[in-house]
Every structure is written in C-alpha cells, then in structure tokens.
Amino acid sequence: MGKRYISDLSEGERIVDHFLVQSKRLLTTKSGKSYLSLVLQDRTGRISGRVWDGADELNEKFRTNDTIKIDGTVELYNSERQLIIKRIRPSEPDEFDLADFVAHSAYDIDEMFLELRELVESVENPHLKALLDAFFEDEEFTALFRHSSAARNIHHVCVGGLLEHSLSTVRLCEYLTTQYEGLDADLLIAMAILHDIGKVRELEISPAINYTEEGNLLGHITIGIRMIGERIDRIPDFPPKLRTMVEHMILSHHGQSEWGSPRPPMFLEAEVLHRADDMDVKIDIITRALSEDSDPDSSWTKYHRALERVLYKKPSYEADTPPGDSPDE
Amino acid sequence: MGKRYISDLSEGERIVDHFLVQSKRLLTTKSGKSYLSLVLQDRTGRISGRVWDGADELNEKFRTNDTIKIDGTVELYNSERQLIIKRIRPSEPDEFDLADFVAHSAYDIDEMFLELRELVESVENPHLKALLDAFFEDEEFTALFRHSSAARNIHHVCVGGLLEHSLSTVRLCEYLTTQYEGLDADLLIAMAILHDIGKVRELEISPAINYTEEGNLLGHITIGIRMIGERIDRIPDFPPKLRTMVEHMILSHHGQSEWGSPRPPMFLEAEVLHRADDMDVKIDIITRALSEDSDPDSSWTKYHRALERVLYKKPSYEADTPPGDSPDE
Amino acid sequence: MGKRYISDLSEGERIVDHFLVQSKRLLTTKSGKSYLSLVLQDRTGRISGRVWDGADELNEKFRTNDTIKIDGTVELYNSERQLIIKRIRPSEPDEFDLADFVAHSAYDIDEMFLELRELVESVENPHLKALLDAFFEDEEFTALFRHSSAARNIHHVCVGGLLEHSLSTVRLCEYLTTQYEGLDADLLIAMAILHDIGKVRELEISPAINYTEEGNLLGHITIGIRMIGERIDRIPDFPPKLRTMVEHMILSHHGQSEWGSPRPPMFLEAEVLHRADDMDVKIDIITRALSEDSDPDSSWTKYHRALERVLYKKPSYEADTPPGDSPDE
Amino acid sequence: MGKRYISDLSEGERIVDHFLVQSKRLLTTKSGKSYLSLVLQDRTGRISGRVWDGADELNEKFRTNDTIKIDGTVELYNSERQLIIKRIRPSEPDEFDLADFVAHSAYDIDEMFLELRELVESVENPHLKALLDAFFEDEEFTALFRHSSAARNIHHVCVGGLLEHSLSTVRLCEYLTTQYEGLDADLLIAMAILHDIGKVRELEISPAINYTEEGNLLGHITIGIRMIGERIDRIPDFPPKLRTMVEHMILSHHGQSEWGSPRPPMFLEAEVLHRADDMDVKIDIITRALSEDSDPDSSWTKYHRALERVLYKKPSYEADTPPGDSPDE
Amino acid sequence: MGKRYISDLSEGERIVDHFLVQSKRLLTTKSGKSYLSLVLQDRTGRISGRVWDGADELNEKFRTNDTIKIDGTVELYNSERQLIIKRIRPSEPDEFDLADFVAHSAYDIDEMFLELRELVESVENPHLKALLDAFFEDEEFTALFRHSSAARNIHHVCVGGLLEHSLSTVRLCEYLTTQYEGLDADLLIAMAILHDIGKVRELEISPAINYTEEGNLLGHITIGIRMIGERIDRIPDFPPKLRTMVEHMILSHHGQSEWGSPRPPMFLEAEVLHRADDMDVKIDIITRALSEDSDPDSSWTKYHRALERVLYKKPSYEADTPPGDSPDE
Amino acid sequence: MGKRYISDLSEGERIVDHFLVQSKRLLTTKSGKSYLSLVLQDRTGRISGRVWDGADELNEKFRTNDTIKIDGTVELYNSERQLIIKRIRPSEPDEFDLADFVAHSAYDIDEMFLELRELVESVENPHLKALLDAFFEDEEFTALFRHSSAARNIHHVCVGGLLEHSLSTVRLCEYLTTQYEGLDADLLIAMAILHDIGKVRELEISPAINYTEEGNLLGHITIGIRMIGERIDRIPDFPPKLRTMVEHMILSHHGQSEWGSPRPPMFLEAEVLHRADDMDVKIDIITRALSEDSDPDSSWTKYHRALERVLYKKPSYEADTPPGDSPDE
C-alpha cells in the first residue's frame, strides 16, 4: 500500500504509516497522568497527535525531527482533525523516503534542470562557460543544487526551490537582454544562474529547512563568492577583471547594504540581476501568501510580516454587474 | 539651409540660427563694461555664449526660456567651445520648430504609439477596453500623451519619453503574464499602459520640462486617478470593485509611502506593475548616466545622486588576457 | 424594562438581554466535554461568557458580529465578572437598537452638528460655501457623516466620532485665524470641516468598526479627493486653482509621506490644518489611554503602541506637602 | 539727522552712517591692486560694499562683527545696489545704538511683555506662581528675556523673538484649556511661559545671533532645567513631584529624542505644550519664508531646507474666474 | 540552618524558607476548585509553585513583591522543578535579609569600591578632585552607589552592578590615557567614575529593580547633571567652563540623540567616555546572554531583542581535528 | 641640498624643487592671456601656484598626479602663500623620492612593525599562528602592509596608516583580554592583526590615495576574506569551524549592515574586535580634525561631515579662575 498523506486523512480513519516529528511535548493532565502532544508532518502538511498511554516511556524513544511509525485513528477535535495514537516506534532508515516529509517544488525537477542546462549551453563567453561547467559538470554540486530550498521560510521553501527560483530569474534576465540594448547577455545569464549558489551550503534540509552554522555566520553571498573563487582558481586565464565583476554581481545582488549587499549594483547587469531576482521572490511570496490563506469569509489575508501588509483576495469583479446589464453583450 | 545643431558646431565656424535661452546673466568686467553670459540650448545639447557689445540694451529684449536668433562665431575657451555673439534678436513664432530645442526619444514616436495601440487592442475585458478607448480615442489626450516626457530630470526626460517608458513597462508586464500563472493579463496590461497617465498634466514642456502648479501640488498619481475616474464615470456599468482595483494600481505603483504611494501594492498585479515600472526606470537611469559620462580617463562615472553611487564603466575584460593565451582558441 | 448595560452588571445578578458577539470559540474540557467561550459587547464595554451545556448545537446558530439574546448569571472568576449562560438565541432585527452595541461620542450629535452648520454658514467665499453646501445639504451624506467614527481603533472610535473630531479641528483652526495674520479663514475653516470627509466611506460600523474594501485599497485621502471632485464638477465656475488648493489640503493633511500624504503641506493653511488635526487626534489618544487604564496601583499606564511610550497618571502633586506646611495658607 | 536704513537707500545717494560688518574679504584685481569686499548690515537688511583705495591699510582697522562709520555712494551693479566706499573708520561705542543693527520683533516688546505678565498673574497654583515670580521679578532675567531671540536662524530670529514666540505659545495653550477638559491650566500656562527660558543663555546677540559655548555644549533644554532648578531650590515647600513634572515638561517639549528630547511627553500637558510650541514655530517659519521670497515671477519659493519642501505662493484664485461669470453674483 | 537557595533545590526535598513573590495568580480547575499559581524568586533564580488548598484565603494575605515563608515539597512537572506548597505566611521584616532575594555582582563590593576610591585619589586636578570628594565622602551617597544596579534588565542587573560597570569603564579609560596622547586623564577618569551617577535615583531595588517616577520622567542623564550641579554649587571657584564640560560629558555619554543624548560628544574625552561605557555594556550583555542560555543542544542562543541577533555558542573548534592529525604535534 | 618642504616655505623665498601636481587648470585672463593655475603637494601640505608665461605650451607637458620640478618664488596673495612659477618640467623618476609627496604615519614604521611581529609571536594556537605566518613571512605582503594607508580620507590617511591603526587595535584588544574573562585571546589578537588586511588591495597610493577597481567593486571585507581563504587552503588541518569563525570576524567587523557588515558580530570576540576597531578609528578622526583646524579665533572647528558635528576646542578651563583665588593653593 502506498504512503497515506496527511492532506488526505479523514475522520474515523485508522492510519498506520511514517511521519516526521515536527514537535513533541510531554504534558500532564490535572489528574496527574502524563501524555504526549505531538505535531506530525509530511510533505502535504501537518496534523496534531495525542498519545494517552505509556507517554513517559515513549517519550524517551524518539526526538524532534525523527521519523516515526505510528498506529492511530483520526478524530475531530474542535473542528480540526487529530490523531489519537495507540502505538509508536522509530522508523528504520530503509522504511521511508525522506522526500515524503518535506514539500517539493510544484514543477518537475528534471525538467527544470534540463532547461537550466540548456541555458548554460547558450553562454558563449568561454570564461563564463568554463565557470558554469565547473559547477554543472560536478555531480556532487548538481545533486545538492537540484535538492536545495531557496530559503528557510519566506519564498520557494521546498526541495527544488532553489532550482525553480534560479530558473525563473534566468528566464526573466534572458527576456530583458532581448529588450534592452547594451546588456551583456552572457554575463547576465551566467550570473543569474549562479547568483544564489551559496544557498546549497547556507541551508540544510534535514528534513526541516534550517541554516547551517556556516550559513548563519557567513550568509550565502559570502559562501557563494568563495565557491565561485575556488572554481575560477582552477580555470586557466580567467580574466581578473571579469572575476571581480562576477564576484561583484554576487556581492551586490541584494541591492543595498540594509538587505545584505555591502556594495550596491555598480553596473547595469548587476542592477538588472538584483531586480529580476527580487521580482521573482516577491511574486512567489505573494502567491504563497494567497494560497496559504485559510479564511474564506474575509476578502483579506492575515497581516504578512515580511510584506508588511495585508493582501486583497481579488473578488470576481465581473460578478458585481447584473448579468442582463453586462456591457459585453 | 537646415538647422545647424549645437552638437555639430566646430571651432571657427560662423553660425546664424535659432537657439533656446537656457540661462542669462548680465555681468561687468573689472574695467566696468557690461557683457552678457548666456547658455544656449537645442535638442542636441548646450553651449555657452558671450555678448560683449550692447549688453545692457540687449538684456532687456529677451528672457530665459525665450528662443532667440543669434549671429556669432564659435571659439575655443579653455578647451571648450563658446559662442562669441555679435547680433541677437527674439525669434518670431513661425521661424522655428519647438521640437528642435528639446530632446526626443531615440525611438520613433509613431512606431511606439502603433505598438501601444495594438497592445490596447489585445485587452479583452470589456470594461478595461472601454477605459483604454476613452483615452486612446481621445485625440487631445493622445497628442499630449505622445508628446510628454516621463520625468523632469531623472529618466526618459524627452519628448516621447512617457510613451517610451509606458511601452517598455507594458512589454515587460506582458512577458510576465506568460511566465506566472494567476496574473490577470488584461488588468495588468491595461494598467501598465495607464499607470503614468497623470504625467501629461504633471509636467509641461515649454520647452524646458517643468512641473505644472497642479503637478507640484497634487502629483501625477492623484491627477491620474482623477483622469481615470472622469472617464469611468462615462462608461456604463463599469464594475465598482474593478474601479477600486484600477485606482489602487495607480495609487500603489510607487511601491511604498516614502516613494509617494500611500498604500503598498495589495494584490499581485499591483506588485508586478510596481516592479516592472521600477525596472524600466532604473535601466534608463543607468544607461543615461553612462551615456552622459564625459571623462574617458576614469573607469568610474561621477557620483550619481539619485542612484547614490558611482557606476563602473565596464572595461573590455577580455582585453586583460594576452591574445596568444586566449582560452577560446 | 430598559436595556441592562455591561458596565452596570454586578455579581450574582441574573440577566436576560441582547448583546453583540465580539468573539466565539468552541473548546473542550479535559474530560471531553465541549463548551463555548464568548466575549460579549455593548456600548459600555465587554464581558466574557461561558456556555457549558449544548455548546456544539448552539455553536451552529450564530456567528461573530451577530447580536444574540442570552439568559445567564453574573459570577466572579479570578476577580473578574463572567456570564454563565444557560440559554441563547439569535436576536430578531426588531428586538434591539444597534446603537446600544457600539460606543457613542460623549457629546450630543445634534448639538455638535448644529455648531458645525453654523461654522459652515460663516464661510463667505461663494465657491467654498457652494462646496460645503453640496455636502451639508445632501441628507444622505449628512446622515452618514453624523454617524461615522473617526478611526478604527486609535482615536474618536465611536458613533459621532468623525463629527466630534471635525468640530474640534475647525474650532482650533478658527481660533488660529484670529491669532495669525495672513491665514485665509474661509479656506482654512472650509477644509477643516471637510478634511476627513473620506472616512464616511473608508470605515463602516456594523457594529464593529472596520475598513471597507474601498477604504483599505484607497484610504480616506483618495476617497475624500474624489468625493470633493464629484461635487466641484457640479458647481459652476469653481476656480481651477482653488480646486487644486482644496485637493492639496486633503492630500497633504497627514503632513508627510510616511504618514500617508504624498505631498507635504505647501502653503500655510495646509500646514495649519495638518497640525490642528494632529493636535486634536493626539489629545484624544492620550485622554482615551488614561481613561481606559485599569490598574489603580500603578502611576503608569501600560505601554501604548501607537504613542510608543507609557503615560504618567498625574498624582495630586499638592498631596506631597503636609497640610500644615502648605505655602498657600 | 536720523539713521538712514539700508532698505531705504537708492541709486546715486551719498550716505554717511554706521553699519555692522557682516563679512569682509581682502581681494586683488588682475592688475594686482588690493580692494576690500564687504557686506554691511543693519536691522533692515544687507548691502555689499567695495573699497577701492587704501584697502590694505583699512583692512587692519576693523574686524567682522564690528560697527563702522562709512562715507560712500550707492551705485547699481548688475541690477543690485552696491556701496562704493571712500572713507571708513570704526564707530565709537556712544555713536550708535546696537538695536539699529539687528532685526526686531514686529510687535512692541513692552506690550508683549505686559500681556505675558498678566498671564503670569493668572496662574493660581502658589508653587507655580512662586516659580514664575522668581523669574519675572528678577530684573536681570527679564531684561535678558525681553531682548533674546528665539533661534539662531530658523524662526523668530530677532530681538524680542523669544518673547514673541513664548507669548504666542501661551495664548494657544490658554485657548486649549478652554476646549479640552482635564488640562491643568496652571501647569500648562506656567510651563508654556517658561518652556524656552534656557535660550536666554543658549544664544547671544552681539549683534549677530550665535550659540554661546554653554549653548552649544548643553542646549537650551538642559540650561533651562538648571535655571528652573536653581529657583525652585529657593522656594519653600515646592512639591517634589511637581518639580519633576515641571522639569519633565522642559525636557520633553521637543517631542522625541531625534529632536532633542530624551523623553517623549508623558502626560497630556507635556504633549500639548510640545504641539503648541511646534505649531507657532512652523507658522513663523512659513510666514518668514514667504516674506523673504524675492522672485516675483515664480509661483514657488526656493527649496527650504528646514521645511524640506518648496512653498506655493498662493495666487489670487478668484482671478481665474472672469468677472461677468462670477457665481457670487 | 542557613538559607536554602533555589538553585540548590532537588526533587523530593522538603523546604521551609523565605522567598520573594515574583508573580501570583488565582486560578480555578475545571472542577471549580481554586488554586494559587506562584513564581518565587531568590538571588539564585526562580521556581514555580502551586497551592492547592485554601487558595482563596491565602490569596488575600500577601501581594506580589512581598516576601513569604513557605512549607512545601519539590516535585518534577514536565521535567521542571515545582514547589507543591502546603503552608504559607508573610515573612516578618526581621526574619530575612533582602539581599538574599536579589542578584549580586559576582565581584566583592568592598574590593571594587576600594579600587574605585584609589582611582578617585589619582585625580590631581583640584576642582575635579573636589567634585569627586563631594560624592565619595558623602556616606549616604556611597551607600546608595555601592548598592545600585546599572540597569533594569539589560546589563549589570544586580546589587553592585552600577559599581561594577563604573569600575570597568574607568579602568578602560585609564588604559586609553596611556595609549593616546592628548587625552586629559583627570577629566576622563573623573567623568568615567561619575557618568552613570544619576542611576542611583533613576532605579530602585525593592527588591525587584524598577524605574522610580523621577527616573522614568527625567532619566539618569538629567538626574546626574542635577546631582553634579548641586555639588559644584558648593565648591568654591569651580571654573565655569569646566562645569560646562563636565555637564556635557554626562549629557553626551549615550553618543547620539536616538540613544538619549541630545548632544553628541563634542570633544575627545567625551567621545572616549561614550565608547568605553558602550564597550563594557555590550560585553556584559553578551556574556549574560550566553550564561543564561539553557538549551545545550543548539549552537545558537535564542534571538536577543536588545542585540537584535542570535549568538553563536563557540564550539571547541579544535575538536574538529582528529587527535592524531593535530598540526601542533 | 635637501628637499625643501611646503610647510617651511616663507614669503619672498625662491624655490627650485620637485612637487606633486594635485590639480591643474588652464585659465584665461580678461585680456585673453592664458595662464596655469596649479595646486602642488608634498607630504607636508599643499600650495597654489600660477604660471603666467608659456601656459599653453607647458600645459601639454604634464598631467595631474605627475611630479614636476619647478623654479619659482613665494609671494603672499590675500594672506596666503602662492608660488609664482617661472619654469617647469616633469621630474625624472630617479630625481625624487615618492615618499616625499605623501603623508607618513607620525610613528616609525619599523618600530611599529617590530611590535606587531612580537604580538604575532604571542599567539599560541597553532592554526592561527600558521595563518599569521602565512601573511607575515610573505615579504611581498609585508612590504605592502607596511606601506598601506588605512583609508582614503577619513582616518589614518598616510603611508603606514594601516599598520598604525592595526597595531592600536591589537593593543586595545590585548588589554581587554586581561580585563574580561572568557575572551579567547589568541582568536581576538590574531583577528585584530588581520581585520583590515583587505585594505592592501582596496586602496593604492600613487601617490594620491585612491580606491582600486577591485576595492570599489568588492570592498576590503570581501577582499580580506579571500586573502585569508587562499592562505588557509594551504595550511594543513585548519579546523573548518575555526575558518568560519575567522571569516565571520572579518565579515562582521563593521558591526552592522548599514556600515558594510552583512552579519552582526555573533560571538564575543567579534563584538569586541568591532568596538576596538571603531574606538581607534574615532579617536584618530577627532584628533585629526582638531589638528587640521585652522581658525585660531573660534572655540569650534568647522562642521565635520563624517562625524556630523562641530568639535569644541577645549579651552584651558583653569584660566577662568583668577590666580589668587585658585582653590589648589
């Protein structure tokens, strides 16, 4: 039997399957009895769970972020589904697929990667092409790159998220090279591909997405410059000025110092890369905020802290007009 | 004989032609003699001029921003060209073409306008189409719109500048509707066309580009909302919610209150419009700053106040590599 | 029997009356029994309530913001009054007066309105007088204006609040015209009356005070400019410059862009209006914060987020001096 | 013969009188001859002057900020009046009245002071009355207070300026006590009188208005608190809490830390004092900026740095309407 | 038997001793029974407590911030220690030592004070020495100074904290006078000793550390200037300029207006004092944040609001290297 | 004869020596004659010069930043010295010592470097010692490091300035390790030595001090991290965590993002390094501003843009007290 996902569970159903432990607390009822309050997670969402029997003992057997196998029943509690768990044990490594427990990009990773590789091939400048090859012919890197998330909790937060975001940014940059004269297409496209490369080491998926120690202390910009530098060191005759420009485009792609770029973009391709990156990020944040909204009665989402605003859930403005009066008839 | 433009004048040449008076000062030499120090302008640039004889009298005959006919000779003064003017009189209205004295878009206005009209035709929503038609079938408006500048001195500062900027913004928005699901293409394209409409009344070209009193007191956002409202009032059955959304997109297109939008963009099309507008503006500012740079010895432009940075004049980074060693051979 | 208000309820009392449902949650005791936790509201305040029996069923019968009739008893729980509710049903529309459930201005609306009308009559400029008449001879508008709140939750939050705030602002402006030469009294007084006119459409009282969709997307400044423009359009020969100045005073009355005015006040009457408005608002916020303070043991109120400070509850500083030593004897 | 003021000088006139030296530079013509370039000042304005003969010698005889007697002729130079000076010597102390060289309040100092004294008498609280008396029955203080300027170059920059500004602030505060319940009139009026008291030592008129060393290192708020403290120390039984409140009102009257008040106003009278002070200051700044504007051709003043805006010189908006069409007929 | 401190309590232990009531709430179980939920404190930390019997009655007998004697047992509840309290009564004043209930500096107060007194003696300038003596030969002041905390909850929050912080600041300033020429050692050391003097009246330990009314309304800078002024008034021939400089160093020691100093440091000693003060404060904040961290599993502390960052708990970076490979062998 | 420095030149003196051309302009007198206006520089200061004869021809022979030999006479012009130059020719490379034309640290470079080397030896941690050796046993690096300036125009602007600043910072850090427990002395001292290492490539002295292209595009922080990374790559078994901490200390030493550090200091040594660096920088800026002040009549320096304030030139405050009254007698 295939895996049963949280989004599909319904009231009364008995479920025996593996889940990721998102959080765990040992509590005590007023009568003095211990119980476990869990939040379980898979790639489709989260559900709370209760273990009423043997809580003290079970509590020692697994930790937050472990994967466990449970046997339980879905009940409704205050209109929300809850798992009443009878049995529980840690999962064995070969019993589950980690990919089941963390969100994935809505797009096919192989297809996206293929498109990105084609864009790599379109770069004609031999130095930049050599730099891209140093990354994309390195299997260890590409495995990591295909798997990485683009952020911890703001945008493109999923396996494949970094690839999805990078690809959108490259596409937009490619379009812009067709519209504005004087853009160095090779430079812009190569750096659009590489701009967030440092995120493969800034973040880890385990399966929760968190900053690594290196990520927290240095950030993906500094890591990315180092990753690029290590590869350029091995490319013969890479022009020193081009190296500085490449490093500058990584350094400046957040646009200003308050957002983590100690230098502002100082030439056109750097400015365009910053804005294309930002455009794709903001579109994803808004799309995500709208799709995660859960209150059908309101025209407005909750206050979004990163965006510093509420969002308007566009009504069907046509519906305001009585059918018979419609001006398009 | 055709008009002789400032950019073409060379040392020693005698010139009898019309110019716009950009500034005028009556000064006195140490020996007590009055002279006029002028800056003259046409669509290709500026040149300083001196009138050594009859300055007091001539000074009364014209004012800054007038067009005058001069008879003079081009001399070099401290490596720069200067007009030594013998005779001067105000131009008659029928003697010159105002268009000769103010910069024009580098693109053909008719072609740009044709393309914009086609984009107008692509809008299917009948309400938005009616709104666009209310503008673009109004000859008085279209004449003004085709002629207007997009700003006083930052970006697209020229006759046709508003049209050029609007068209670029629409094109970018159209591209984005092909890349991101869930964008309402009609709404986004219609509003990209109309987003800066208020500038036809905020600025005037006379031929210097200046704010009108209305422009200074209200700004193009408030003027634009009023212009749109006046037209919507005459469209039967325009949906009230759509009207509010249209007005919101004008209101929020500067992105945040510090930049003149009292409301931030509150739905996806409003956010995308803001960023597409800003992308085109910034590309024009940088391109303009690079093209206006006049010091060939430096790798850097002067400090740019609006951008708050200096810009790097990209060297030919290939040239760093000795020819024989080039990795692309 | 007249309505019994929340501020008057005392311990042990049985109460059968209508209240507004401010919030509602269905919870479950440890023993698995459902109960309802309510917050009820009338114009005098709020009280929490509990329904221990039949909670699941009753939960379906009404929603937040409904008015319900309850039968219950006032008990003390941890020093606070609480309603233990036995029976509950939705109120019929004709059973209650909405005005009982939302706060009212402490001043008489008719008296305030009369005073405002007299101030309208004092305006001599025929254009401005015509504009004021276009509002105050419109019964639909005046009904709305008299009823509106001046804000959602910061200042003058009550039925009649907009009228109360507008009147105070006008009075202060009138005083200032007697103190400072060169103030155009007609312009200042007319615009003080109209400055917040857009709030009649920005907010709705239902009976909770909330932003309308239009209010959230456009804000009262933009709405106000449109309301004024629609009326000016119907006044013959309204001077165009005066119209721009009128619109500028609406636009700039928040003083600076960060506070929602894309233009700062650009002439004296606009600046004075902004500061008179702000003076009245801040006095109301502080007065309100002091009157709502509920801890008699402290010399300080809680931290006030809008004011970004705590407030000092002025002690009777005379009391420090022993009676016999008082210097005023 | 009475003093001849700069504002009255006309072309061709010979003038022998005393002026204040605002600035002085020794320059050399191309032919190597020295000359003096002066700016002279009296209470009505400034005029530039030239000394062509004996410049080296005369240069040693006086310094900037001295008062000199000159013998010269008024000539026009580039449309502006200029003094061509033949003779020059330092003025003797008894030859001139310092008051002729620095601007005075447009209001009569005696009348203003009388009104302020009456307001002092209106304070009933014996402690606050005693504090006011400690200042206003001190002749040394009152002489200084009547003479002082309210600022160095922003607002009320003149002899009597501090008195004029204090009086306006008190009047506005007195009005507000009639409008808002719960304002402690004695406290508010007493502190409105005293709020800028520290300026008598922060600034000196000599006759240029400059910061004293103490003023620059401490500021008028800290100086004012000390001046008040020294007097309270000598008042028997002044309530300690009242003293703290009085000091807080001085400390907080600039409203927030960025404007020099380390504490925000923490009770209503402190907030009202801050806003009344600010209202009077801003009205004076705008009135001053409009009266100093010197370009009759523009509808706009120059950019005002303290206000961070240009100001609109209100046109006669009635004039837009053709007489025959006037709606008020 | 000596006092038993909270940090030493272990599971199962019976305890009869005095504690400070940090907070107190009367709650009710679902079955309707009242109980008291307390947080008790001594100088070593905090523990929660429960009173299950006689809660209503006991609740009336003491208030928050009182010291009580309890008889109870230590139990474990969800892995944390909790006191189950059987009996409770208010402590008598002579039964406890207030010093047991509030944290103390880790350094010996007598030793620190002795060192500070020696630094006082090192000041040679007679005026500054007289000023220091006016404080340190005043027993009332020194008792207060030795006891005071340096802040309410950010740094050096303990009895003796002000002394500890002042001493560290003086030491650092003394070191700097040996490194940089042109520092006036007497002025810098004297003011480093006195810079936070106002805190003895800004804060009170009762035993919770709180702002006094005077402290909240005026702040320690204004209080400190007054304390110094009162003493200078009694020192004959104290140079006025030195007084202004001394007051300026108090006024400016927070460095800029946003941090509470209306004037920035305007001479070198004032700047150095500001930075030495800040250095010591920040080192204490970070040391404190690391020592209070309670999660041994994470490399990072929780987010620290005052520092606006998380802190890295330095790993033993040597441990990364396998022992046998250590390069130092 | 030894070099004659600008600071020693006196009126009437004839001078034949080499100077650096700081700026050069070809101007024309009213009579039409060309002349050269120069500013010449050596390590002691600047002087203006005039070439009245043969200006057009001489103008072609040298450029700004060249070193030239001149023959001229010192004259006084408007109280300032000026060189009237008769002859001029470019200097030959072997005729001058570049060090004569740019300011040097006031301290001996050899002595400072020796002290720094001893501090390097004091580091015991073998990894950090190896890293320091990788720099200080590299003669090319040490030559550059000893020569470099610490900034372009704010602080330590001179040959040896980087060394002087680094040494002061290390000394202060070493002192702090003796005062505060828990500081890792090796880490702090090593990184204090290396914190500004990137400046050897960010700036160039030619002999004007300017940013390199790499310096402008990347900044010394990014360059420094790369320089350190290249050396760590060659050190066997350098602990990865230590590398990240070392890089973090470079990255964060400006303290916050607005000042160029994308990460704030996240452990104690990083915070201390930031503040020690800043302390030394600010002391140098203030000392420099006071020593460069040129107006002996004022108690205040000019407004200092980087410090955003004027500075008080400390008077001899003792002098206020009449000798006979001195309290120290």
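Observations
Going by the order they are written in, the chains are A, B, C, D, E and F; count residues from 1 in each one.
As a convention for this text, a residue touches a chain if its C-beta (ideal position, glycine included) is under 8 Å from a C-beta of that chain, and two chains touch if they have at least 3 such contacts.
Quick caveat, the model's predicted, so the values are computed rather than measured.
Judged by shared residue numbers over all numbers used at their interface, chain C and chain D contact each other through mostly the same positions, with over half in common.
Most remote chain with respect to chain F, judged by CA-atom centres, is C. Repeated interface: C-E and one of A-E, C-D or D-E share more than half of their contact pairs by residue number, and that pair is A-E. Centroids of chain E and chain F (each the mean of its C-alpha atoms) stand 41 Å apart.
Between the CA-based centres of chain B and chain D the separation comes to 44 Å, rounded to the whole angstrom.
With centres taken as mean Cα positions, chain F sits 46 Å from chain A.
Across the assembly, chain F contributes 30, 213, 216-217, 241, 245, 248, 266, 310, 312 as residues in contact with two or more other chains. With chains as nodes and touching pairs as edges, the resulting graph is of another kind, matching none of line, ring, star or complete.
Going by the touch rule set out above, the chain pairs that meet are A-B, A-C, A-E, A-F, B-C, B-D, B-F, C-D, C-E, D-E, D-F, E-F. Touching chain E in their complex are the following residues of chain D: 213-214, 216-219, 221-222, 225-226, 229, 241, 244-245, 247-248, 251, 257-263, 266.
Every residue of chain A that touches chain B in the complex is listed here, in rising order: 126-127, 130, 168, 171-172, 175-176, 179-180, 182, 184, 235-237, 239-242, 245, 248, 264, 266-268, 271-272, 275-276, 278-279, 282-283, 286-287, 290, 307-315, 317-318, 320-321, 325-328.
Against chain E, the residues of chain C that register as touching in their complex are 29-31, 77-79, 299-300, 310, 312.
Contact residues of chain C toward chain A in the complex are 26-28, 30, 34, 213, 216-217.
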